[in-house]
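Okay, so here's the structure we're looking at.
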Amino acid sequence: MTIQFQKDLVNINDLSNEHIEYLFKVADKMKATIENKEKGVLCEGKILATLFYEPSTRTRFSFESAMHRLGGSVIGFSSTEGTSVSKGETLADTIRTIANYVDIIAIRHPNEGSARVASLYSKVPVINAGDGGHQHPTQTLLDLYSIQLRKHQLKGLNVLLSGDLRFGRTTHSLSIALARFGANLFFASPPGLEMPDYIIHTLKEEYNLTPGIANDIREYIHVSDVIYMTRVQRERLGEMEYLQYRGSYVLTNELLKSAKPDAMILHPLPRVDEISKEVDDDPRALYFEQAYNGVPMRMALIATLLGVEK
Amino acid sequence: MTIQFQKDLVNINDLSNEHIEYLFKVADKMKATIENKEKGVLCEGKILATLFYEPSTRTRFSFESAMHRLGGSVIGFSSTEGTSVSKGETLADTIRTIANYVDIIAIRHPNEGSARVASLYSKVPVINAGDGGHQHPTQTLLDLYSIQLRKHQLKGLNVLLSGDLRFGRTTHSLSIALARFGANLFFASPPGLEMPDYIIHTLKEEYNLTPGIANDIREYIHVSDVIYMTRVQRERLGEMEYLQYRGSYVLTNELLKSAKPDAMILHPLPRVDEISKEVDDDPRALYFEQAYNGVPMRMALIATLLGVEK
Amino acid sequence: MTIQFQKDLVNINDLSNEHIEYLFKVADKMKATIENKEKGVLCEGKILATLFYEPSTRTRFSFESAMHRLGGSVIGFSSTEGTSVSKGETLADTIRTIANYVDIIAIRHPNEGSARVASLYSKVPVINAGDGGHQHPTQTLLDLYSIQLRKHQLKGLNVLLSGDLRFGRTTHSLSIALARFGANLFFASPPGLEMPDYIIHTLKEEYNLTPGIANDIREYIHVSDVIYMTRVQRERLGEMEYLQYRGSYVLTNELLKSAKPDAMILHPLPRVDEISKEVDDDPRALYFEQAYNGVPMRMALIATLLGVEK
């Protein structure tokens, strides 16, 4: 297949549906190499820089595992502790320098737009590993891939997103991406933490999609093929509201009695208490498998951007 | 040789004497590959996670060196700085996630029992790299291996453990392990820092071993085949006691005049001043060699738990 | 070519001109392997320890990239956070221990002389990656190499060093090294930040070189083949002096009108504002290329000290 990728992945919209479907196929191959315990060779001699200006152990580990599984090497930092950031250098200069040392960069930065800046100044591919609340496109890719793997298509699926949809901003790009693939959306969140209007507006205007909206997860759980849970930070709600709405966005075995027998429960992790531990033993609980899928998906992305994927 | 290992190494008692003797033989082979400067290939394509929730440079480096010498890769963290620990995730969830990214885990954690928890939730092997004061089984393994290498057997050896035997808890599992192999034990410690009664009791009841006990290293130094020094933290004793007992647990060339000519001086390191620098030139001073032995022993353990050792 | 290197590189004066010219040739070969995207194999099975007792992301990354490009592995720390330094161990003991785990060590330490101490206690080669303001010999090597690559010889070149020449101490060893190769030197610095007398004295007495000295970069810019910029820390000057001298040591396109068309602009990085961003687009701006050259030069050094370079 001949399909042209941009140099970088900063925003999920840098990828067309065709790009994403192509990555699904490459990730399938990567997954097979992991499971066959084959030693990766595609990235032998290549170096990934993981520049994590704010901590994110699981995302960093997932990228680093992906690069090692491809046979490549990794250099990086996991917080600005132990870096020269304090010496007053601009991000542009840091990136221009580090791009001389490596073949590809994954950057996590607290400031929105920083990954775009990095991509502009880097001569090697840059992958956005999260820039503030703005974008986290590899999370979106692995979410989509996890659904695709189990359901074999995204079109027509009923996907329920639950929790803090206002500040839990990875749900924003996931919603848009799911809409692009023709999924149906349902949003359940406590009052005050609803999906922002501009997302609702975009879904309607651009994808002709009117999502179902509720303040209680129970309203749509029985029709959902995918139940995507996110955290509600207690401090976002008053104590009264927290106690009042607790039951409507904490997933329990009791609640799951009304869910479809083949529903998928996903969560970007880390979870705090929005999924009861008892749910972990339910075969529909697929959030750790979802984390696992991040490795082959990131392998696919790295290999594709480096042009070593055959 | 066909011998079955458990998935994990959490407690030195997870290993029988036969297991330990098997690891000695594998470590011998690993040591030869290092010394022949052969490039390791047994763990090519495998990834070790070093999860160090508290700092321990030498233990972490020893594990990482071992994995690299086997041809494998490493991802990890060296303190909770730069991790997502603050996000409120349980250890169980962290481990279940990371087990998706790697083939084997080494964990160091300040809380007793945490390595056992990790082993229960991990689908890949877990090695305890120290959990609080509880257990540090790879230190015990490398201590035993260091003695074995020089003395060729543990049975019947006179081993003197000196220093803070109360809080220096790696001496506890070492004592039990040495008793299992039939060594004779001598304990020298300042008053108040003696080996706990339950260890003395276990040695008597389970191994029919009555250790020699003294407050002065000089009492047993002349009969010892192995002199195992540990640190006495000044703050554990009053200033008067510290000055009074200083001479009885600081190893000097003067003191070593009464030691056997083929005695081995060991120390888990780091040492502060319990071994005078002048002793470093004594051919019996083997504590840096002991640190070196940690690499082939950990190579043996990693390769064996991964099932790649032939 | 048969040329004998010392075990370690602590001070640039550990290397003769012949050693340095030999490293230029090896670096050329390394540069070719990078640019041909060949997988390095010279250091397969070898381990580098990067012991960074103070942060320096770019130097650490450059060393780690070099070792990975050679096919080797890296273990290390990037600050004393997450290490056992607090346990009171001496540097000598730390080095003696770590030398058991690796094949070569790069050390960065805030205290002058610490790299020499490390070299004395290490059984494996030690490279000084900066010890306080004292020495940073690999920076000097890459500076020389960057000039050599473009100008093909150092003898007879006019090199202007500008900025804080008093506290910016990497300029000291660079000046001596350039004098050793027969370059002509010009120093431009604000009053109070001039090159120390003992350097001027050494240049005259040992190399019969009388550098041109000015308080304004404009005095010598037109005759310079190399313009080596360093940072002036605002706090080193009073506010009045800062404003007064600003224009004389901030490189701008306006200033560069008087520079030679084939001049090279270098900077050890990070830069703050002593080179205007507008200059980055000038083809004479070679400071990012200079950073790039650090990788092949450090590859050459590591491979040579390990004796694996053919």
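For reference, chains read A, B and C in written order, and residue numbers begin at 1 within each chain.
As a working rule, a contact is a pair of C-beta atoms (placed from the backbone, for glycine too) under 8 Å apart; a residue touches a chain by one contact, two chains touch by 3 or more.
Everything numeric in this text was worked out from a predicted model, so none of it was measured.
In summary, the pair chain A and chain B forms a contact in which the copies contribute largely different residue numbers, shared numbers making up under half of all those used. Note on chain B versus chain C: their Cα superposition corresponds to a rotation of 120 degrees, in steps of 5. One simple way to say how far apart two chains are is to compare their mean CA positions; for chain A and chain B this gives 41 Å. Under the contact definition stated at the top, the residues of chain B that touch 2 or more other chains are 77, 81. For chain A in complex with chain B, the residues that touch the partner chain are 37-40, 52, 55-58, 61-62, 64-65, 68-69, 71, 74, 77-79, 81, 269-272, 288-289, 291-292, 294-295.
Across the interface of their complex, chain B is touched by residues 44-45, 47, 49, 73, 75, 77, 81-89, 93-94, 96-98, 100-102 of chain C.
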